[in-house]
Structure formats: C-alpha cells, structure tokens
C-alpha cells in the first residue's frame, strides 16, 4: 500500500561506476517533475544521514543538469561501511558498533519518507536489513562487473567494455606492425564478463578469466601458432585470472611477491609467454581508466530507466525491492532475490562457447 | 535432421549496418575453425549467385581479419532486389520476372549446401520463399532501426544511438552558451527507436517520433518555458516524425516542396519553432553519419554471437529459422515468426513513459 | 613598465569555442598560484562590468576545476555588443549610445587593475579602443575559423576539424557500401580552413571553400569519373562556398529562397550534383556539433599556453598586446597588428596545392 | 637539377607511428596523379630491395585507399637494421657486413629512380650514407616522441597525446570519486614531450619527465597538500623518468629487479608515493595503446603534407633533404641538419614554465 511521500533520499554504496550520476538525475527528475517530491542526497553511505550539516545535499532538477554525461559520483566516496557494523574509536580502541537504530531515527527526524539505495550485493544486504527495521527502501543495482544474477545487465558495464575494446583496437594495429604479443590486463577480480566481452569485441586470440583457470602451455601453443601465421597476438587477462593449480611457473618467490604487491597478473602472464615462446611481449594495464569518464549511450538509457523505475516503486509503495532489467523491460525483485546469487561466466555457457567456436583460446 | 555440409554461402540484403562485417566474420570463422566448411560470399544479393565469375567471393578466416572493426559491407550494395520479382529489360521494356528457379539451380550447381541470409523483414520474406523451394537457409536479422518484434535488439542500432548521442552531447554545451534551440534530425522513417534512445541518452527536452504525431503548439510551449528557465533547448526529430493531422502549419506550397525534395523534416520543425517562439534555432542533419564507421563493442559482441549461432543452426540442420536475442540468450524463430510483426515504439509503453516522467516532451 | 596588480578581470566576446574555458582556467590558475592575484569573470562582454551584482563572478583555482574538458563558455552568451555603440531603448526608441566612459569608470571602481579580453577581430578592436582610454588590457585570440593572420593557430579549430573528420570517416564506409555521393556541409562562412583541413584528413574527393568559387561542371566531372571507378564520392562544402558567378544553376526562385532561409548550401550543391550526374546523393549538415563538447588535447595545450601568456603579459606590464602562436613559441603582437589582416586560404598556397596534387578537386 | 623520374620507391625504418600509412598514401597519390610515376613499397627496410620477389610491393592510388585512417604500417616491421652494418650468419658465426653496394646496385637494377625514406634520426643517418653513394633520396621524419630539432612537429605525436589525454580524462572522475592517487605511465624514454603535453591537457598535478630528475619528497609534498584540499591526484610519469641521483628510495634489490624486468617506472613511483604519503594509489600503464589506431585529423593533414612535399622534392631534383614543418609551412633541410640535434624538453623553456605557472609539479 502506498504511503504519502513528500521527501525522499538517495544513498550510494561502493565504488564509482559510469552511469551512477545518471541514475541519481533520473530519480531526482521523476521525483520533482512527475511526483512533486523533494529529494536529498546522502553523502558517504546511509550513515551520512547522522551528519545532517555536511552530508545531506538537496538535489533538484536544476542542480542535476549535466549528470547524464558526468563520470564518477557526486555523492562522494561511498565504501565507508555499514551502519550495522561501523568502525569507531571508542576509549582509544577501534570497535565495531551497530548504529542502525540511530540511522533509522535520523531518517525519520529528517522527514525522509523513503530511500533509494544504489549499490552492489553488499549494499543490498544492508538495505534489506534497514528495510526490515521499517525504512521504506528501494534498490538500484550497481556493479561494473555485471555479476548480479537478478538483472540481465548493470549500468557501467557497457562503458567499461567500450573503453577496453577501444584499447584493444589500437593494440591490433601496432601489434601487427611490430610482430608482438600484447598482454592487456582488464578489470574483473571474480567475474570475467568485462574481459570476455571486450576480448570478443576487440578480436583477442586469448582471453583469461577467473572462472576458467588457465593452462599456460595451452596458451603458449596458441600464441606460437598465431605468431607463425599472422605474426602477432592479443592476450586479454582479467585481474582475477589464475593458472590451473593456482601458482605461476616462472617467477621465483622474490619477484612474484614484488609484482603482486605492485601490479597486475598481466606482468606474470607476459613473463611466462616470453619465457615459453620467445616472442617479444608488451604489457598494458588499463586500470581505473575503465571505470571513469562519460557513460556510453547504452548505460545512460539503462541508468535513466533504473532511476525512473526506482521512483515509481516508491510511488507504488512497493518497498524492499530492487529494479532489474529483463530483456527490454525494467522489472523488480525482492532484496532477498537480488542478493541470492552472483552471476559468473559459465564455462559451458553460450558466450564462452561462441568465443571458442570462432577460435578464441580461453586458456583451457 | 542434419545434412552433410561442405560449403556454405553468405548473402546480405538491404542497406549497410555497423556490425554487418562482424557477422560475416563470425560465420566464416565458425564455419572454418569449428566445422571445417568452405565459405563463399555472394555479392549484391542472392541472385548474385547467377554471376559466378564476378560475384562469388571465397571467404576464410584470413581474409576476414579486421572485419570486427570495419564499417560498411564487404558484400557490396545489397538492395538490388528480389529473385522472385527481378526487374529486367526484355524486348526493350522493363519487366518483372521470377528467376528463383535459376537461383536455386545455381546454388546447387555451385555445391552450396546451405545459405546464411542477413537482412531485414523484406530479405527474410525472400529467404522464406527460397527455403520453401528447398534451399537450406538460416537468417540473421539486420535493421539499424531495431524494429523487429522477434528479437530484443538488432546489431547496428547501438552504434547509431552512440553516434547520435555524441552529437547531442556536443550540442548541449554550445546550445547553452548561445541561448539557442538546436534541432537535430536523426534516422527513423517508421520507427522512432533511434531518436527515443538517443534523445534520452543525450538529454533532449523534446523527442518527436513517427509513432506519436506531434502538436507543434505543445512543443513550443515546452521550449518557451525551457528558454525562460535554462536559456536553451535540444529538440530531436526522427526523419519520419509527423505533426498531428499530418501537415505543417507555417510553410507555403513552394517552400515546403523544395524542402521536402531536398532535406529533412528538421528544417520544417525548426522554422515552426522559430516562427512561434521567436527563439534562434540551429539545425543539424546527421544523415548517413549514423550508419557508418566502426561498430560499438556492444554491436560487435551481438554480431559475433548472431554469426556463430547462424553457423550452429546450419550444423544442427535447423533450417528456415532466424537467430534472435532474448534477454542475454541467443535464440531462434521460424522465418514466419520473424517477419510476422514489426516493433514500433509503444506510445503507452515503458520507455516512452520513462521519458515523460523525467520531463521529456514527446510532442503530445 | 609594470604596475602593481591585485585583481584582474576576464571578459569574452563572440560565440563559444572549444578551449575557451581552458583559457579562463589557465589565466585564473596563473593569476592565483603564480602571482597571487584575485580574478573576476565578467559575464556577457565588458559592459557587464556595469552590472556588478549579477555579472561579476569571482573565479579561483577551485571553481575553475574541470574547465580543461568543459565545452561552451562559462561567461555566458558573449555577442551582446560593443560599449562604444551599445543599443539602448531611450524615450521609447532604440538608439546607439557610447557607454565606454562608464565602463572605464566601473572597471576602476571595481578595483580591476587589468583585463584579459578573449575574442575575435571585432573584440580586439574594442579592446584596443578601451586600451587607448587607459585600461590595461591584454588579448587572447578566439576564432574557431582560424582566420587571424597574426597567429599560426587559434584554439577550437583543431577540435572542429577533429569532429568534422570523424563524421567524414563514418561517411566513407557507408558511401562505399551504398554507391552514393555524400555531401557534407561544414562551418566556414568566409574562410575555408575547417573544410580544407577536414576534407584532406577525411579523404574527400571534392572540397568547396569560400575562397575558390566552384564550377559545378568541373565538380560533376570529377564525381562522374569517381563513381565509375570507385562507386562513391565524398563532397565537403564550407557554409560560405559560392559557385563561379555567384548563383546556382538548378534552383528556381521559390525553392532557393526556402532553402536559403532554412538551411545550407549543401542542399543546393547536392541537388545540382543529382541533377547533372544522376547519382544518388545524401546530405549531412553538421552545424553546431562542430563547436561543442570537450576540446582536443591540442586545443587544451594551446588554450592553456595562451592563458598563461596573457597573465604573464599583465605581470610584465605589457599591455595593448594579444598573445599568438608562432611555430612552437607563444609570442605577442599589438592590437593593431592583431586585427590588421584576416587569414584566408590562399588559392595558390601550399595547402591548396598539396590537396590538388593528391587529386582533390577544389571546384576549379 | 631534376633527373627524369619514372619509378620511385618508399622505405620505412623503425617502429610504427600513427600517420605512417597516410604519408605513404600521399607520396603514392602525388606520384601517380600529379607526376605519373610508378611507385613501389619496400618491406622491412631498404635492404628489402635485395629480395625482389617478396619485399617489393607495387603501390598505386587504388591500393592505398583507406590508408588515411589506417593505424600501423603496411610496410611491415621496419627495425631490421642498417645495410651498412647488417647482421648475417657467415660460416656459422654472426658477423656484421656492409651490403650497401649490393643495395645500391639492386635499386638501379629495379629501375628505381628515387627513394623516399621515412624514419627517425637513425634512418636519416643511413639515408644520408646511401645518398652519398649516389642514390637520389629524400626523407620524411618519423618519431612518435617528437624529438627532432629540425621540425616543429612530427606525425603520430598528436595522436599519442590525444590517446593519453583521453585516459587522463577518465581517471579524473574516478580518482575524484575514490579519493585516490592515480599514477599513469606514458611513452617517452629520452624525451618527455608526450608526458608533458598530455599531462597539461589532462590536468595532471605532477608530471615526471626524463629531462628533469624528480625529487620524490617534493612530489609527495604536492600530493599531500592536494589530497587534503581536493582529495585526489593525477601523476603522469614518462617511461624514462628518473629520480634525482638515479635510484629509488623504497625498493630493495629483489623487488626492484623484478619490477624493472617486468614493467614500468610507474609501479616504482606508485610504491614510493604510497610509502611516503599513505594515500591509496592505483596504476595505469598505457603502453602501446598510445601508438596504435587511427591517427588524429591533425596527424593526417601533417602526414599528407609531408608525403606530398617529399614527392615534390624528388620532382625538383632536390635530393639529400628531409621535409619539416616550420610554423604553418612545409620546409626542408639537409640530412646533416636533420640529424644534427635531438629536441629535448628544455627545463627552463616556455612549456615547462607554463606548466609550473599553473601549479603543475615537475618533480623539482
């Protein structure tokens, strides 16, 4: 049943993601224009509501102008924790305390009638706990890795894939001219979606993802053949890619430690390929370039639809639910369903099979 | 039941579309690498098979290298007609003749065991007729306008939206600096998907599409308010946008004729806005810029998956079917289902409602 | 001789230009960080100084953050006139009055010790008159058309050429696939630099610029040959391109009037080509897309250097001068030298000859 | 004095560079269209002329179509050496032999009347030696690092700066959202031009280049202040950047070795910043992404002008000279002048001073 709404709040959790500001803009515009609600943004996670003087930012259709194109997040660094287990210094010692009651109280004291929580599975878990404490909350999924089972796509993912693919396009021509192996490290600690999509779109010969432990000998066989035939090779490595058995064959203790502390798995893979094939290898580590800047048109449309749908859920009194995309329609699921399962690349799924049918080596 | 395949052909129909070469590449690679088939491309539509010396192009994994990024179509201009009703000069007069039997015969004479037909609803109709004549055919949908009901998305659409959105982004800053109305004409004669998606992604205030006849007074009201408040306005017009009642209020006979012959509806809308609001208006007609150049990463992945799936259908002996996207899965439908219905923007659908909820004027 | 500076003002004249905000940022940062000056931006031209409550905007290193990438101009619409001949309603009639003394007085009353004026030749003329009235002024050239003789390059030009070239790239593939002539209208009413550079960079076959009246028969000859050989053709037309003799051969009175009122010369050229060659022609009018959005890296570096040099001129007490680029060095000239001559494309110059040597038709 | 020319050859030396194919296209088109000469491309450096069956590629205006946009080099890997000191296996041992006489003889036997040599200072040195042996040669400078004193700019540089700046733009938003230090490694082993231009264009706070040894304490001071004030920081590091004194303070023997073998100086700088400031640091190593893909419009125009000018020099019989850019004009110098001096960033020059005046830290 719908409650009467006059004022809503928006809170975000976790890292930034292209499209995050576009979601905020859509919530604000729908709230203002369609429903006549006031909107306030809470900085630095929901517990920011405790600090009403510095962390509550009035948002309206005018001050969200330009948010469609804007990378980053206007609600600041957002991984500052969980109101149910917040770290505080008490009596000189760091302790974990539950401040959720105070958060709930402050939400009411600020006359916030409903909350839009934007975040990943961790954030949705917290949103669910607060929802059970009586806060009318709806959720918007946010993970650049696209690893939520309850939605076909999350915003930011298309942008990350586009940026990575653009880098692979540039490497294609220079690799061909130089007769080299180019190893490119892309995001993806646990799920290989970015590496798999970018690798297919960018014409990589090898794509190594966390879900399929790679066999370096198999990888080197492919590269050797490819070097003979075309003279160059592109190898995409997700951050979380791991060899079969989980350890690297070439690096000794010292070196490996230094590398792991400093940088990426790409350097390890590059060294192994150089060692086993004798090819000249060059390495690119795109890093946070993948999550910055203006979102693609695709991500802007998706973000806008998610934001509108979240406001609509509030209007309908449909709390405790997260918006999702299924096919071409925006749907919604309960917070429980939202966080039940993560979505990993299926080693036997359609997309991996398609990649292998066109001759891409997944390292196995 | 599967037949034994040794050689397949690829034929395309209709205009070019970003991703078309990527589909061809995926079919060729899957055929070569996975199934060991020979592949031939037929230039200028299926009747090209009649001209075996100039229109049959051997394709293999080596000569399709670089096709992922390549705009246009390597199989040439493809709207040269229909083997069932081909125009030929006979006895000095243009006549319509049915050469489908000869096409079927030539396909067999060339030892082509199966055909992949890539095209829009017109092409699928022809493919279906040839399928019924005994040619083992599978189809891949191709329409930049994304107006096929049997698939969630078609390749090329995402690229067109990305290009149009980039233009809208650039117009935002200059419109704001100059206090102007910018009218932008985008593709879409019958379906407004490109205009609607780009307009939402690019933050347009007004989006006029063929499916919703526009009321110029309503449009001008929105622009007047907007000019007062923000000082500028972006108006997106699909090629096929029409006013309520279907005629334009300002232009006299002479002028209107000249404009219609020469260019776009955007000039008409621009003149009406200038006339009724007094605002300075500038016009951009993107034209074929929207269908050229490298496809987006999204379109490359989709094209690749479609190409692989088409080859797989042939391998399974599953003829008379067209590949589609449903959610995140590649599926397939019969040719009949494929062409049953076009997909127009629903004036009461989710996407239009989302646009209106954030304050976009659809001209009504 | 240097005077003591505590506070400077920045004023802009004319339309927006990619890099304008980057110039402002560089002036502000140099003033703040290097010299410790206060900075104020004057909105809507120098006479904005009369309206101290709404048009003087304090600028500092913090509120110019992000200005490098920002398109448009933060100092608003800037073509509102000339303090020496301002249009005012007096006794119910529009009259031209000279308010320059009041402007000078207000600059002093606001304790503005020096002014950076950014604009084209019109703006520099006004700056010079104010300089002669005793205001310590330095200038930064701003014209997207790159038509000032006193500087090798102006900022914004590289961005406009980059955007236009990107559109030509996309048209190349689609023109080739469709066997069509693509006519593209680019900026340039009096000087053809944008059309000439973009046309060369984008591989156009024909480039029509204001400095070389075109012979439509010559153009059509080139297109006919090209259509026979390659099957497609790209024609670039600057806004100010004119046929030899100055009138168009095909269009009748009515149509021509309508077109001229509404849109561009491209439609006229397109109609003539269609008429004389029978080729299918498609038209793109890029319009203000060319002057919007983020500046290129080249323009950002140039803008930054211009802004720093302007502040340095003030520091050195070197007033009445405009900064310029000569080769790789930033130099400066007097306002008189700055506005003495415009820079048009030389029909016998190196660049035109280079274009013609590679086979580009300049319409003659 | 001009000799009669019927056939010319094009040879490239060193790595690939965006615009290289555009130079080749312009030489070929001018030779074909303007002068009626035949053109042949020599693969893998001038000594490729010895292998007439596999390394001589006929080039003409038709097979160079599309070369304007094409990244890489169509004349293959080009750093295979010097005909005056070529490495050959003789009697089972690698020996250095002078095959220049044979090269000269083969050029004559192939009826090559003149040669266009495209390359860096090393290539020009070889060209000069061959020129002294009587081969009519002209040169085109090629170095992505822009480090030749005899020309204002070399092609490819603008593209590299554009790519790097695009990456910095994306890092700006994500750095701001995450409160992080982003360290980005860019090309430039000996000259810091790419890092300096990109760093200015991308708004970096710190730019470390080979020409100015950096003081890590000074760098960390700047970052500490910046983190306090704005919460994030962008640090650009050229590959060849070195600390004052030349060694790194943090890393022990083992780690340092591993890092140096594997990757870039960026990881060292990142670790030092993390160690000294406690800030969270993320690293991006763009690598060969910077030298791949389509050249910018600027580089295409420059490349085209260089190619035309080289053909013109041959036509005029003006051998032993390399084309250059001075201001807006294409000029030429003798090979001796061309290679006399490299162009390094002047630590007291205009560009470094401009950077420091807007508050950029150059590490000193």
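Every chain is named by a letter (A, B, C and D) in the order it is written, and numbering of its residues begins at 1.
Operating definition for what follows: a contact is a pair of C-beta atoms (placed from the backbone, for glycine too) under 8 Å apart; a residue touches a chain by one contact, two chains touch by 3 or more.
Bear in mind the structure is a predicted one, so any value in this text is a computation, not a measurement.
Steps from chain B to chain D, minimised over paths through touching chains, total 2.
Within the list B-C, A-B or C-D, A-D finds its counterpart interface, over half of the contact pairs alike by residue number, in B-C.
The most distant chain from chain C is A, comparing centres defined as mean Cα coordinates.
Taking each chain's centre as the average of its CA atoms, chain A and chain C sit 41 Å apart. Averaging C-alpha coordinates per chain places the centre of chain C 31 Å away from that of chain D. Taking each chain's centre as the mean of its C-alpha atoms, chain B lies 36 Å from chain C. Those residues of chain D in touch with two or more other chains are numbered 169, 172.
Residues of chain A touching chain B in their complex: 25-26, 29-30, 33-34, 61, 65-66, 68-69, 152-153, 158, 161-162, 164-166, 169, 172, 197-198, 200-203, 230, 294, 296-298, 300-301, 304-305, 307-309, 311-312, 326-330, 350-351, 354, 357-359.
On the side of chain B, the complex with chain C involves touching residues 15-16, 70-73, 76-78, 163, 167, 169-180, 182, 231, 251, 254-259, 261-263, 267, 270-271, 282-293.
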